[in-house]
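Naming follows writing order (A, B, C, D and E), and every chain is counted from residue 1.
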Amino acid sequence: MLGYTITQWIFGILSFLAIMFALMVVFSRNPVNSVLYLVMTFFCIAGHYLLMNAQFLAIVHIVVYAGAIMVLFLFVIMLMNLNHDTEPKSKWLPKTIAIIAGGMMLFVLVGSLKGTEQLNLSSYGASQIGTVKNLGKVLFSEFLFPFEIASILLLAAMVGAIMIGKREIK
Amino acid sequence: MIKLIALVPLFPLIGFLINGFFGKKLSKSLSGIIASVSILASFVLSVLIFVELQGSAQKSHIIEAFSWINSGTLHIPFEFLVDPLSSLFLLIITGIGFLIHVYSIGYMHDDEGFSRFFTYLNLFVFFMLLLVLGNNYLIMFVGWEGVGLCSYLLIGFWFKNTAYNNAARKAFVMNRIGDLGFLLGIILIFVTFGSISFNEVFDKAGTVGTSVITAIALLLFIGAMGKSAQIPLYTWLPDAMAGPTPVSALIHAATMVTAGIYMVTRSNIFYSISDVASEVVAITGVVTALFAATIGLLQNDIKKILAYSTVSQLGLMFLGLGVGAYSSAVFHVTTHAFFKALLFLGAGSVIHAMGGEQDIRKMGGLSNHIKITFWTMFIGTIAISGIPPFSGFFSKDEILAHTYEHSPVLWFLGMVTSMLTVFYMCRMLFLTFYGKFRGTHEQEHHLHESPKSMTIPLMVLALLAAAGGLLGLPEFLHLPNWMHHNLESVIKRPDPMTMDHDKELILMGLAVLAAGTVWFFAHMMYRVNKVLPAAKEEQLKPWQKLIYNKYWVDEIYDAVIRKPLDFLSDIFYKFMDIAMIDGIVNGVGSAVKGVGSVVRLAQQGSIGFYVISMVLGVVFIVLLTFLIK
Amino acid sequence: MKGLLIISGLGVLAMLAEIFRFKKLLLPIVLLGIVAAYAFNFMEWNNGFVISYFNNMIAFDKMGIAFSGIIIATAFFWFILANDYFEDETNVVDHFALVLFALVGALMLTSFKNMTTLFLGVEIMSIPLYVLAASQKKDLKSNEAGFKYLIMGSFASAFLLFGIALIYGSTGSFDIMEIRQHISAHTAELPTFFYVGVVMMLVAMCFKVSAAPFHFWAPDVYQGSPTLITALMSTIVKTAAFAAFMRLFMIGFAGVSELWTGILAVIIAISLVVANFSAAMQSNVKRMLAYSSISHAGFMLMVILANIRSNISVDAILYYSLAYSIGSIAAFGIVYNVTKGGDESFDAFNGLAKRNPGMALCMTVAMLSLAGIPVTSGFFAKYFVFTAMIGTSYKWLLILAVLTSAVGAYYYLKVIIAMYFKPQQNTEPVIVERSQVMVITLTSAIVIAIGVVPGIVAEMFRF
Amino acid sequence: MINGISINYYLLLSAVLFIIGAVGVMARRNSIIIFMCIELMLNAVNLLLVAFSTLHGDASGQVFVFFIMAVAAAEVAVGLAILSMIYRNVKSIDTDLLSNLKN
Amino acid sequence: MLTALLIGFPLIASLLVFFIKGNASRNIALGASVIQFAISLAAFFMYRHNPDNAILSFNHTWVQSLGINFAVSLDGISMLLVLLTTFLVPLIILSSFKNEYENPHSFYGLILLMQMALIGVFVANDGFLFYVFWELALIPIYFICLLWGGENRGKITFKFFVYTLLGSLFMLVGLIYLYNHTGGITGVKSWMVNDLYEAGRSLDLKQQSAVFWMIFIAFAIKMPIFPFHTWQPDTYVNAPTQGTMLLSGIMLKMGTFGVIKWLLPVVPLGLEAWGGTAITLSVIGIVYASCIAIVQKDYKRLIAYSSIAHVGLISAGILTATQQGVQGAVMQMLAHGVNVVGLFLIADILLRHTGTREIDKLGGIRGMNGNFAVLFLIVLLGAVALPLTNGFIGEFLLINGVYQYSAWMAAFAGLSVILGAVYMLRSYQGIMLGERKDNNMAFGPLATTDKAVLIIICVVIIAFGVYPKPLNDLAEEGVKQILMNLK
C-alpha cells in the first residue's frame, strides 16, 4: 500500500494520533477534556507497546494510567469543581516564549539525533521478552532490590498524601 | 687627652640632660651655670686636645666609641676624628659657645623658658660637636640634622608666636631639602667606595671616574646649601632671626651655618678632582654673596641686616672653597665667627637696651648710652669691613686673592660684595649709634648698658675680632700663616697660590681703598647728610622696593612651591584618593550589588519561567556541545 | 547496606508509633537507631570495593559508606534539633516517617550502582521532601514551596529519565559499570543521542544539586519551607545529590569527560556569579542561605571538575560536604530559633550578641566557616577546592572562585554585623531549648575541631 | 510484527511527545494540566524505553517502565494532595497565584 | 618549644580573660602580656646566645597527608618582630586604661588572641600555618573594630575585612600553586618553607610572575601599598585607638614581613621581572600619601596617611632585595611600630582631653602641658627619622637600598624626608604651639598610664636610635639568610 508495510501504516497512524491528542491535552482549555485527550494519548502509546510485542506492559499501562491515574485526576477535578473554563486568558508572551523554547528544543534534539545510524527494530526475540513470565523473572531476580525499595517509595507517597490531605484537627 | 675626645660632646650632653630633666626645679642662675660650665669644660678639654695635637707628629686620630650600624658591607661605627680641622672647629664651637652661654645668662634672665633655653643650647653644642668630630659622613649627618633640630627649637623658642613657629618650621624644612641631597650623597659615596669613613673614602677618591665624583660633590653641596643658606635655599636664615639673639649669634652666625663650609672643606678632595663641582660652588657662593649683600642694603631690622650679611659672608666663603682656597675659607669662618658673633651679641645688647626694639629707624644716638656695646660693635664693623689690621681683612683678602687667580670676574664680584658689605654695615652702625634718638621717650629713658655677663663676652669677642688676623698672616710678607700650615694635612690636593707678590699687594691695596671709599661715602651719607631710611614702603623707588622686599623670593617660593604643593595634595586627597581610587573600590561593591539586583530579577517566582529557563539551558548546552562544534 | 535497612525499618517503625502509642519514646528510638545505623554502616568499611548487593543494584563501597556516614551523622544532629519542632506538630509520626524515608533515598543515592536505584533513590528522597516542604498547611508560602519543588522536581526527573532512556538505548544497560565499560570499549561508535542523554542527566543532576541556571527552585523552596526542612534540604539532600553526581559522572561517564567538563565549568561559573551576587542582595536570611548553598554547590562541583582532570582523591568533596553540612546545621539551628517570631530578615539578628551571646558566637563560627575563614572547617573545604583546581587548566574559574568568595564574605558578614553591631529593637533574650543548645554548640565545636585538625576527617576518607 | 521501523522514528516520536509535554508545563497555568503534561513527558520516556528494550531484545527496559509507572503514581498522589491543599487555601489552582516567593 | 609557648600562652591567657568579668580582666590581660614579653625576652637572649637552640623551634605534623606541619621557629627577623609584638601589646593594653570599654573581658581577650595570631604569623615555618595565622589575625581585629569602633564602623570594617580577605585568597591560591610544585625529587609534597622556596625557584618566569602577583597583592593590601590603600585611613580612624595601634603597629608588619619571608626567596625571577613595578607603586605611594597627609584635618587620619608613606618606603626597600634595603626595612618596621603606637596614643590623649582631633581646633597645648609637648616631640622626631632616633637607621638603610636599585627612585622616595617634616611639623605646630584656643582651655596633666606608655616609647625611640646594635645584629643576620636564599 503506497510502498509502506502495514506495520508502517499502523505506526504512522498511531504516532499521528498520539501527537494530535498530546497537542490537544496541552491546548484544550477545559481540564476535563485534557484528561480525556491524555487518556486517548495513552491508548495510542499502548498501541505502540503492542506493536513492539510488549503486551503485558500495554495492559498494565492501560490499567495504571488510564484506569488509575487519570481517574484520580478526574476525581480531583470534579472534587474541586473545575469542570469549566476556569483558566483566565493567559498572557501571550509567556506562551509564545514557551512555544519558542519548545521549538528550539525540538530543533536541537532532532538535530542531534540526525545522522544516527539506522537501526531497525526487529521482532526477533522481542516477542519473548514482553511476556508476563519473562518480565516476572527479570523483575524478581535482577530488579529485586528496586522492586522492594519501591515499596518504601509508595509508603512514603501514601504517608505524605495522607498527611497533606487530612484536615487539621483544631 | 685625645683619647678622651668623647668627653667633649659628652659634657654638653650631660648639661642638656640635667637641665632637661631638672631644669624646672633648678634656680635660674644654677641652671645657667650648669649649662655654661659644661661648655667651659668642653672648651678646656678642647684646648688641651688642641695643644696636644699641635705637639704631636700624628695629625689624625680616630677614636671609636661603639659600633653603630652594620649592614652587609656597610659598617658605620660611632667614631670620632681628631685632626687639625676638627680641633680648630672644636675651639670655635666651645669657645664662642661658652661666651654666648655666659652672655645668655644675662640676656635671657627674665624669660620664663630660661632653663629650656639652656637645655636647647647645650643640646645644640652637643650636636655641633658631633658634626665636626664624626669620622664618617653619617656621624656628621647625625650632628647635621641634630643642629637643624636645635635650630628649629630655638627659632621657635617663643612658641606662642605663630610667625616665629612658621620661621622655625621653614628653617627645618629647608634644611631637610638640603639634607636629602646630603643623604643621597652619603649613599652614593657608600655605593661608590663601599665605605663612608673619611680616610678610606679620601684614599680611594682618585681611583674612580670624575663624573661620579662630581655627582657626589654636588649632592654634598646641596646639603651645604641648605645648612649654610646658599641660593636657592637661603630664605630661612633671615627668618631664623625670630629666635633669641644669642641663638642668632651662636647658631645662625658663628657655628651651625658654617657647617657647610666645614663639610666641603672636609671633602675637599672631591672638589679638587671635580672642576665642575668647584665651579658650581664658586658661582653659587659669589652669587649668593652679592645677592644677599644687596638685600642687606635696605633692611631696617638690625638683626635682619646681620642675617643677610651672614648669608653674604657665607657666600664669600663658598667662593673661597670653590676656587680651592680651603684653608682661607676656614680662616674666614674663624674670623667671621669672631666678628659676627660679636655683632649679633652687640645687636642683642642694643635690643636689650631698647627693650626689645629691633628697627634701626627707631634708634640713633645710642653711642652715648651704651658705650661698651658701641665700641665693641664698632670694632666688629671694622673687622667685617676688611680694614687692616683687623681680622676680617686678612681672611677676606686671602679669599679674594685666590679668586683673582682663578677668575678676575669672580674677583670683581667679590670686591663689589665686600664694598656693599662695608656700606650696609656702616649704615647700620651710623643709624644705630649716631644722630638723634628716634625712639619713644619711654625707651630713651630706659636705655642702659647691659649687665656684666653680657658685656664681658662682648669685650672678649672684640679682642678676638681685632686680633684674629694673627692666625693667618699673609705669606707673601713672609709672615707665618698658621692657618695654612695647620690645615696642610687636611687639604688633600692643595692649590698653592702662584701669584706674584706685587700683584697680590696691589689687590690688597685696592681692597683697602675700596673699603675706605665706601666707608667715607657712608659716613657722608648718614653722619654728615643724616639721611634716614624711609619710614614707609611707599616712599621707596621701584628698585629700592625690589630690594626692600628681598626680590620677592619668599613670595615666589610660596607661589611656585608651597601653593602648588597644597593644591596638588588637595587634588590627590579629594580627587584621586576619595573620588577615584576609593571610588573604584566602592564601585566594585556597588557593581556587585548592581549585578545582584539584575540577576535577581530572573527569579520571577513563576514556575513557567523557571521551567522555560531550564529548557533554554538545555538547549544552549546542547547547541554548544553538538551543533557549534 | 545494613545501615540502609535499619533506617528503612525505623521509618516503618515510626509509622507504627501512632498506633501503638509510643510517640514519646519515638525520638530516643530513632536516635538509637541512627547510631546503630551509623555503626553498622562503618562496619562495612573494610569490605573494599568488591561488595555489591542485589545484582550490582547497590554497593556500599568506601565512598558510599563515607557519604552515608556524613548523612547519618547529620541526620542525628538534625533529629535532636528538630525535637521541639516535632512537639509543636500534630503529625509528629508522619514527619518522622517521611524524614526517615527521605534518608533512605539519600543513602541509596550515595551507593547506587544502577540507573534504577539512582532513579528510585532520587524519587524516594524527593517525594517525602515535597510533602515536608508543604507541611505547613495553612502557610501559603509553605504550600507554594512544596508545589514548586514538586513541579520542578518532577520536570527534572523527566529529564533524568529521558537521559537514562537515551543512555540505555545506546549502551543497552542500566548498570553503571557496564555503561562505563561500554563507553570505553566503543568510544568511537557511540551514537549522538548518547551524548544528549549524558547532557540531560547532567542537567537533571545539576538541578538536584541546585547549580545555576537550574537553581531557580532553590531560593523559593528554601525560603518557603519550614526552617528545619530547609536545613534538611541544604544538608542531607545536598550531600546525597553530590554523592550521586560524583558516582554517576566520575565513575559512569568518566570516559566521556571531555563532553561534560566543559559544560560543567560554565555551569559552575554561572552558579558562582549568580549565587553570590544574588545572595549579596538578599534581606531574608533563609533565602541568603539558599543562594549561599548554590554557591557552595558551585564549589563542590569544582572538585568534581578538578578530580576528573587531575585525578586526585575525592576526599575534598567529602570534607566539603561534611564541613558544609555541619556548619549548616549550626546555622539553621540558630536561624530556626531566631526566626521563630516570623521575621526572617537580617534584622531579626540585630543585637543577638546581647540577647544570646552563646548563640551569636556559634552563628559567627558558622558564618565564618561558610565564608571559609581559618581555622574553621569551611576554610579547609575551600582549601581543598583550590588545591584541586590549581592543577587543572581552568585557572580562570579559580580566579572567579576567589573573587566570588570575597563577595561571599560580604553577605556572611552581614549576619555578624547585625548580631554584634546593629541595635536591637527586641531586647528579650532568645531562649533556646537545652537539647538544641547542645546540638548547636556541638556542631560549632566540630566546625572548629575539624578545621583545626582536618587530618582526622580528610585522612580517614583517603582511598 | 515491528520489522521495518527504524529506531529513529521512535526517538523522534518520543522526543516530540516529550517536548509537547514540556511546552505544556511551560505554557499552561492550570496546575492540573501541568501535572498531566508531566505525565505525558514520562510516557514519552516510557515509549522510548520500550522501543530500546525491543531494539536490544532486553527486558530490563520494560521493567524500568514499571518503576516509572510506580513513581508516576506516587508523584501524582502526592502532587494532587498538595494541590487540593492549596485549593483549600486559595480556592484556585492557577500557578500565577503561587508566585509570591521570588527575587 | 619556647616558640610554641609564645603562641600558646596568649591563647590560654585570652581564653582566661574571656571568662573574667569586669575590669579585673584588663589587669590580668596586662599581666599576661607582660609575662609574654618576659618569655620573648628570654627567647631573645637564648637566640642571641645560640640561634640554633633546639628549644626555639617546634615541629609537629599537623595534617600528614597534605604535608602540613605545625612548624614554628625563630630567625633573626621573626625574633625581632615577635619582640616588637610582645613589647607593644602590654603598652597597648596599658594605654587603654583610661578608656572605658563595654565588655572589657572580650576586648582584652581579643587583643590577646590577636597577639597569638600575630606571633603565629611571624614564627610560622610552614606555608599553610602561615596562611592560617594570617587569616586568624583578621578575626579579632575585625571584632575589635566592629564592636568598639567609631561612627561608621559597620561599613568600614566591612570593607576592610572583605578587601583584605580578597587579597588573602589570592595569596592562598599562590601558595597552593607553589605547594603543588613541591616534592620534585621525593614526590612527597610539603608546605615547609624551604620546600616552597625550592618549588618557587623551579618555576619558569611566567609562572613565577603569576605567583609573585598572587602573593604580592595580599601583602600589598595588608601593608597597604598604593593603590590598594583606601581601606586603611577609614579603618584607622574608625577603629578604637587600641585597635588602630594593633593594626598599624603590628598588623601592618605582617605584610612587610610576608614580603621578606614569603615572597622574595620564593620567586626570584618574578621579583626580577616585576619588582620594579612594585617598587614604583611603593614609591608613588610614599609621595602620594605624604602629600595627602599634608592636607589632613583629623590628626588620626594624618597619621594613617603618614603610615602609608612609611610603609611604602619599607616595601620599596624590601623589594630591592639588597642587604641594606631589607635590613633597613626590618629596622624601620620595628621603629615604625613603636612610633606609630606612640602617635596614635597621642591622638587618643588629645581626643580624651579636648574632645577633638581636628588640628584646626587645637593649639597652644604646649603652654599648658610642657611634658606632654616634649614627649610628643620625641615621638614625632622618631617619626620624621631624625638621627639618633630609632626611625633614622631604618630610613637611611632603606634609601640606601633603594638607591642601589635606582638613584632616581631613591631621590623620589627621599622626598618623604622633606614631606614628612612638612606634615609632621605642621600638625605639631597646629596642635601644640601657638595660642591656646577656646575649646581646649583645660589640658590637665596626663594620666599616669598614658605618661608611662609615652615615656617607655620615648626611651625606646632614643635608646635604639643611639645603640641599635642588639637589634641590628639580629636583623643583619636574618636578612643575610633570606638573601642567601635568593641566590
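What we mean here is this: a contact is a pair of C-beta atoms (placed from the backbone, for glycine too) under 8 Å apart; a residue touches a chain by one contact, two chains touch by 3 or more.
What you are looking at is a predicted structure, and each value in this text was computed from that prediction instead of being measured.
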{"item": "Other chains in touch with both chain B and chain D", "value": "A, C"}
{"item": "Where chain C and chain D overlap in contact partners, by chain label", "value": "A, B"}
{"item": "Pair of chains joined by the greatest number of C-beta pairs in contact", "value": "A-D"}
{"item": "Chain closest to the middle [Cα centroid of all protein chains]", "value": "E"}
{"item": "Approximate Å spacing (C-alpha centroids) for the pair chain C, chain E", "value": "42"}
{"item": "Centroid spacing, where centroids are CA-atom means, of chain A and chain B in whole angstrom", "value": "103"}
{"item": "Mean-CA-position distance for chain D and chain A (Å)", "value": "6"}
{"item": "Centre distance in Å when chain B and chain C are each reduced to the mean of their C-alpha atoms", "value": "77"}
{"item": "Shared-contact residues (touching 2 or more other chains) in chain B", "value": "589, 600, 603, 605-609, 611-612, 615, 618, 622, 626"}
{"item": "Of all residues in chain A, the ones touching two or more other chains", "value": "94, 97-98, 101-102, 105, 109, 112-113, 116, 142-143, 146, 150, 153, 156-157, 160-162, 164"}
{"item": "Touching pairs - complete list by chain label", "value": "A-B, A-C, A-D, B-C, B-D, B-E, C-D, C-E"}
{"item": "Residues of chain B defined as touching chain D within the complex", "value": "600-601, 603-608, 611-612, 615"}
{"item": "Chain C to chain E touching residues, read off their complex", "value": "368, 371, 373-375, 379, 383, 386-387, 390-391, 398-399, 402-403, 405-407, 409-410, 413, 416-417, 420-422, 453-455, 458-459, 462"}
{"item": "Chain A contact footprint on chain C (complex, rising order)", "value": "8, 11-12, 15, 53-55, 57-58, 90-91, 94-95, 97-98, 101-102, 104-105, 108, 114, 116-117, 120, 123-124, 127-128, 130-131, 134-135, 137-138, 191-193, 195-196"}
{"item": "Parts of chain A lying in touch with chain D, wherever the complex brings them together", "value": "5, 7-8, 11, 15, 18-19, 22-23, 25-26, 31, 34-35, 38, 41-42, 45, 48-49, 51-54, 57, 60-61, 64-65, 68-69, 72-73, 76-77, 79-80, 82, 86-88, 90, 94-95, 97-99, 101-102, 105-106, 109-110, 113, 116, 118-130, 134-135, 138-139, 142-143, 146, 150, 153-154, 156-158, 160-162, 164-165"}
{"item": "Contacting residues of chain B [partner chain C, same complex]", "value": "589, 592-593, 595-597, 599-600, 602-603, 605, 607, 609-611, 613-614, 617-618, 621-622, 624-626"}
